[in-house]
Amino acid sequence: MCLGIPGEIVEIRDDDSQLATVDVVGVRRVINIGLIGREALAKGDWVLVHVGFAMSKIDEAEAAATLELLSGLGQAYTDELAALAESDIT
Amino acid sequence: MTAERIAAPAPTREQQVLDRIERARRRKAVVREERITLAHGAGGKATQTLVEGLFVEAFRNPRLAPLDDGAILPATGDRLVLTTDSYVVSPLFFPGGDIGDLAVNGTVNDLAVSGARPRYLSAGFILEEGFPVPDLARIVASMAAAARRAGVEVVTGDTKVVQRGKADGCYINTAGVGLLDRPHTYTATAVRPGDAVLVSGPIGEHGVTIMLARGELDIEADVASDTAPLHELVATLLDTAPGVRLMRDATRGGVATILNEVARAAGVAVVVDDAAVPVRPAVNGACEMLGIDPLYVACEGRFVAVVDGDEAEAALAALRGHPLGEGAALIGRIGADPPGLVLLKTAFGGTRIVDTLVGDPLPRIC
Amino acid sequence: MRFVDEYRDAEKAQALATQIAALCEPGRQYKFMEVCGGHTHTIYKHGLEDYLPESVQLVHGPGCPVCVIPMGRVDDAIAIAQRPDVIMTTFGDMMRVPGGNGSFFDAKAAGADIRMVYSPLDALKIARQNPDRRVVFMGIGFETTAPSTAMTVLRAAAEGLGNFSVFCNHVTIIPAIKAILDSPDLRLDGFLGPGHVSTVIGCRPYEFIARDYGKPLVCAGFEPLDILQSVYLLLKQLADGRCEVENQYTRVVPWDGNLRALDAIGRVMRLRPYFEWRGLGFINDSALQMRDEYATFDAERIFAIPGVRVADPKSCQCGEVLKGVLKPWECKVFGTACTPETPIGTCMVSSEGACAAYYNFGRFSRSRVKEATRV
Amino acid sequence: MTAERIAAPAPTREQQVLDRIERARRRKAVVREERITLAHGAGGKATQTLVEGLFVEAFRNPRLAPLDDGAILPATGDRLVLTTDSYVVSPLFFPGGDIGDLAVNGTVNDLAVSGARPRYLSAGFILEEGFPVPDLARIVASMAAAARRAGVEVVTGDTKVVQRGKADGCYINTAGVGLLDRPHTYTATAVRPGDAVLVSGPIGEHGVTIMLARGELDIEADVASDTAPLHELVATLLDTAPGVRLMRDATRGGVATILNEVARAAGVAVVVDDAAVPVRPAVNGACEMLGIDPLYVACEGRFVAVVDGDEAEAALAALRGHPLGEGAALIGRIGADPPGLVLLKTAFGGTRIVDTLVGDPLPRIC
Amino acid sequence: MRFVDEYRDAEKAQALATQIAALCEPGRQYKFMEVCGGHTHTIYKHGLEDYLPESVQLVHGPGCPVCVIPMGRVDDAIAIAQRPDVIMTTFGDMMRVPGGNGSFFDAKAAGADIRMVYSPLDALKIARQNPDRRVVFMGIGFETTAPSTAMTVLRAAAEGLGNFSVFCNHVTIIPAIKAILDSPDLRLDGFLGPGHVSTVIGCRPYEFIARDYGKPLVCAGFEPLDILQSVYLLLKQLADGRCEVENQYTRVVPWDGNLRALDAIGRVMRLRPYFEWRGLGFINDSALQMRDEYATFDAERIFAIPGVRVADPKSCQCGEVLKGVLKPWECKVFGTACTPETPIGTCMVSSEGACAAYYNFGRFSRSRVKEATRV
Amino acid sequence: MCLGIPGEIVEIRDDDSQLATVDVVGVRRVINIGLIGREALAKGDWVLVHVGFAMSKIDEAEAAATLELLSGLGQAYTDELAALAESDIT
């Protein structure tokens, strides 16, 4: 449930409206950042957007770590494939 | 000077006034009102002024000029194609076009994908009382420009005005007549397993543009309608690939709906490769944001073609050689089983059904 | 798209699939419930099951906020919407949900002023633009969506906007999971936890599942690799003999959730003593209602609503599907009387509903497809 | 039994369910909804059901059946006539007809008075969200009946649904294609002094019926729309009177507007004998009560013909010999002067101008 | 039609024409004013002048209620109509009358809710059907029409209909005739009296015209024979050296008028101290306004109206035409700048306006027509 | 001004609504007869109708008299024509 989409903060309003503009591959929308707080956000940050609100700040380090783990699994798989090829059971 | 001439009575002052009036009445009709009123649809002077001052002026051609009940057209060849569409798009003006060129291109495209040479259009306007005349003039001008570009003539028309609140500014119906010179009939039942499925360019641009142009979603993106006349591109394709089975312009319901129509009508499976379907990034971004699938989003300048599998590459090259087909792609193949279904090989490597949609694609949160 | 495309990589998926297959004990059947409808959607949309061995079965849980709305509440919302002074606003997802007497779409066709919004803030805008009308926002959704409704009410209160109110149908996920765990006819090996709900509530609330019920839970993201990895993590726990709450979706979900969002909910709403869930019946403390302090923004108090309980249609087996007891196609009316055009149950409406997802995306058998996609 | 046959796996329970579903999906489409929703215009399943369950069912013919983008028509002869009209009448149902037969007859008549054999129609529906499906079914049935009666086929169509409050239930556009076998072109510029002006029957019945059917005037009268297809009556006339210059069906703006168009286009004077203009008593009574002139009131089953003066009597006799022309009358003559004007010899013995109306005829108190 | 067709008989008209010609003194010019626009309409519609000798000239008077409405009042009415809560109702005749900034039709096209009615009672019906809107009836007309407005107000009061009001623009005929008689540039030989006004006020109020101004008046019906006969009666008085008020229209007009109608007017309305007439300027005691007792039904008091006097366009010569000083075609803008499509003056709007009647029906010269109709 | 049209009373409502139905060559409308009074009218009477109100009862005797007068003028004209023919001035 709850469609969420990552967007990059490209502008934060300078007033107390708690509004910011996010960019999703060139598509822009003004969203409310009140659930995170202006002070916790900067231009270039990525947030998860749901029904016009930023729900959480995307943790880029964690994202990279997850991907690395996945690549690791992939590496293991590739190694296995290589091992398989080498084993030459035919 | 003969006696008779002398005897002709000098016109009275009243007659001089009346003559001046008749001269005034013969002058070119000019629409002076700022807004459309019910009078413009009542068939009297205001209608006459609107027709002569605006429509005839813009669409000027010898078949329209007599303003008789119908337009007389020379018919060469022995087969015609007739098609019609009403255009109710809102907003009327949007990035990349307006209801006017849409109403011309849309009908031209239905003729083109039927294999016909688009020739004549009718234009039926339903205007809302209060509609700004300058907006109408702009729409008519863009219809005229689109007609010139597509090589068709608007040869007959009709204007109705409805009470305020009984329309949305301006609705247009166009019917189109095309001449079918080619011996083939392009129809869904001609499709068979082994055929290839092509799309003439990136999809969903018109639909996304309209959704965003309404302003209700507060989303901005650098997208524009793809509205364009496809008759030349179609001709290019047909000249290259005699094994074209069917073409459809991918309007309401998008590519997915067309493929389902094909699968159903021909009793075949359509297998689409998701990764091959061309979608521009901004269209993709807007669709992700709204939770909708670009495969269901309308285009107004793209068509789907099913061609003999052996001609797929040649057909693709032909399409790509034309400016309107630069983004063409081979997106799938026709299979035999399961009949009546459209399957999508997802970019992720899985498989799913692509069914006909129940209603409009709705923005969703979940 | 960043943070999206990376997690849709077919090669990595293939690698994960191999690892998953390797973790499966031969002869053993695994049954994991994805709590969240978003997961269901991803699974079908990307054809994710093609990467899973036959022995791993994903069952669809109750986490589709549209699917769990009982018919009576839909009727109540329509009764409000039918008032000539009211503009009803809601998410597109709600439009086709059937009540006892038709859906919002039907009511709209019959004359009610019902508008779709992308955000509750858009409803607020409509209220500002129509001072002579009463604008009601039908709030649906779990803890993910409730904070946005709460923030909107706070904003309306700050602006003193007297013509705006909320028909609150927000629900809470934990009591629903507990109800499923307590259901006698269930056999599950673990849970894929609802990633976006967890951005708000965090991962701690799931601990009782591992602790008290002995079922592992992995809080999962929404891209296909997220789900495959979460399945992998669940299988790994089982293989290792562990039973924990794990967070696969660390890039988005903080372990402790979003305190500001929880605060917003707490200021505006409080737990309902009980609430009916479609197919699951009444569940205690499972939904939110407006606090007394915001009574003037509470459509339930402003308008007289019928408030009548409407029994689910006899033929509807949504409850079994929501509990993961039945596969969609096992429902007697699936695909014949109940289709997306003429849904009997709510699971057939939302694109996250298990039945709709299966009908729209998955309605063919695995073996035939293998044939078909080879062309 | 071969080994292969035995090897074919028994369908799984899931597959049995799926097969049952596919069978269900192939069943005849039936529109089950009571009201039109936006989904019916979205191009997906609901649209498909509406088209197949209602339109194709009613209009059944081989050219429509493929439901391709355009209909392919055999074109014999070398000239066509194309015409279009949108129908926005309110109320949709009225004594003597409904918007459905109006939409067929009106377009058939434009073809007929152009001298063509009406053959093919397109039908474009603009429906308002919430429109009752039984009303649509009734309209479509009466279109189909009118088409059968007129010997035309509805070969292509389009359906759009607009938001509630953006239309008035149902608007219909029809475009018509007719085949022009006769060598003549019937056009206003062919009219010359000495010609006779005929009308095919009593005037104003449609317009008065509609005005009263709206119910706002609280006037009741035993009147019914004159809507009828005029192609046979026109053919009868043309077979008899080769000197027919022009025909026009007297729709919006009534007979007066047509005569003005003739006077202007041909640069002649049209002199009408008021006493000769056929008007039924109830139409006359309603017009007197409302202060409007029947000459400006619309008909939907009458036409004006200008014929060579020498053929006037023969033409009149031909018209009167047909059931739809029983009330035909010779109402005037074409003169040379004053050019561009329509003059009426009043029953009272005076003379006045009959000008084009500015707007709709409005009920007046003074 | 009974009481109509008998009075449209061409044979009798020919006989009357002969008698009329016989009564004309050779060399003398006769100029009669038909006070009433209804007469003007009949004269042109039936081509009645074809029966009159060149020496008898009919000039068109001020008796077209639409023609005499000043631009400022139209603007006031439109200002009321533009309020979103108002439904403005009026007779079809008013729709095209230009104010300083367009007509009702223009205002309607621009969004005002303006509806045509056949009777003021229809406006009342609209008020009943739209309790949440304020329904204003724009009352126009002379004493013929004022009683129906008055009866409607009495009915609204009896029903306690709070959302109905009248924008009262009823005018009285006698002060207008007097203004014309007092105009220095006038030469008239007699009057055709307004038949339908006289059903209400009777014939007595005209007596001062014969007595004080020495002009005969014949109260005339509206069919062409009525008018020809009235012309005959005027010529007969002149020939006989009499100067009286006569009643040609005895089948409809009682000498004393309609007391019930006068009473209805008197109960609901009273004279305005002064009122502006298009082209004629301000005339004392020449119009009606709502009595204080019916203030709650008086749109002029309920709504703030601009009440600004708008000067007639410079080129407009409606005043001269209304006084019979100029023939319509003698106005400088007639038929060129001022046409029924683009009326500058009100006389070009109503089908009873002298200019519109001449433009629509009479716009060709007598001699050419004789030619034309011979074909 | 003031379009008025003769109509025949075909029904008078039996209540105090002051409403009656008039017929104009087969065309019917309900009108208000309050300006004449129910008591003064009967079925078959003719009234002059203006904006939905009966303004006056049509006096059939007066109507006949007017027509007779007009016929008289016609007779005078016919007599004159006859006299003219008889005088034979050619």
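To keep things simple, chains are lettered A, B, C, D, E and F as they appear, and every chain counts its residues starting from 1.
The rule is short, and it goes like this: contacts are C-beta pairs under 8 Å (C-beta built on N, C-alpha and C of every residue); 3 or more make two chains touch, one makes a residue touch a chain.
Quick caveat: nothing in here was measured; it's all calculated off a predicted structure.
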Supply the minimal count of touching-chain steps required to go from chain C to chain E.
2
Please identify each chain that touches chain B as well as chain C.
A, D
Greatest centre-to-centre gap (Cα means) from chain F is with chain A
If you tally the C-beta contacts, which comes out ahead, D-E or C-D?
D-E
Could you say what rotation angle superposes chain A on its sequence twin chain F, using C-alpha positions and rounding to the nearest 5°?
180
Roughly how many whole angstrom separate the Cα centroids of chain E and chain F?
22
Here the gap between chain C and chain F, centre to centre from mean Cα coordinates and rounded to Å, is 78
Interchain centroid distance [CA atoms averaged], chain D/chain F, Å
40
Where chain F touches two or more other chains at once, the residues are 1-3, 5, 24-25, 50-52
Where chain E touches two or more other chains simultaneously, the residues are 1, 4, 9, 14, 37-38, 64-65, 91, 105, 118, 122, 141, 145, 340-341, 352, 363-364, 368
Shared-contact residues (touching 2 or more other chains) in chain D:
37-39, 45-46, 217-219, 281, 284-285, 288, 291, 338, 358-359, 364-366
Judged by the touch rule stated earlier, which pairs of chains are there in contact?
A-B, A-C, B-C, B-D, B-E, C-D, D-E, D-F, E-F
Residues of chain A touching chain C in their complex?
1-6, 8, 24-25, 32, 34-37, 46, 48, 50-53, 55-56, 58-60, 62-63, 65-67, 69-71, 73-74, 76-78, 80
So, in the complex, the side of chain C touching chain B is made of residues 1, 4, 8-10, 13-14, 37-38, 44-51, 64-66, 91-93, 95-96, 105, 116-119, 122, 141, 145, 224, 340-341, 350-352, 359-364, 368-369, 371-373, 375
Interface with chain E, chain B side, in the complex: residues 9, 12, 14-15, 17-18, 20-21, 24, 32-33, 35-39, 45-46, 49, 129-130, 164
Inside the complex, what are the residues of chain E that reach chain B?
105-106, 108-111, 327, 329-330, 334-336, 340-342, 363-365, 367-368
Residue numbers on chain F that touch chain D, as the complex places them
1-3, 5, 7, 24-30, 49-52
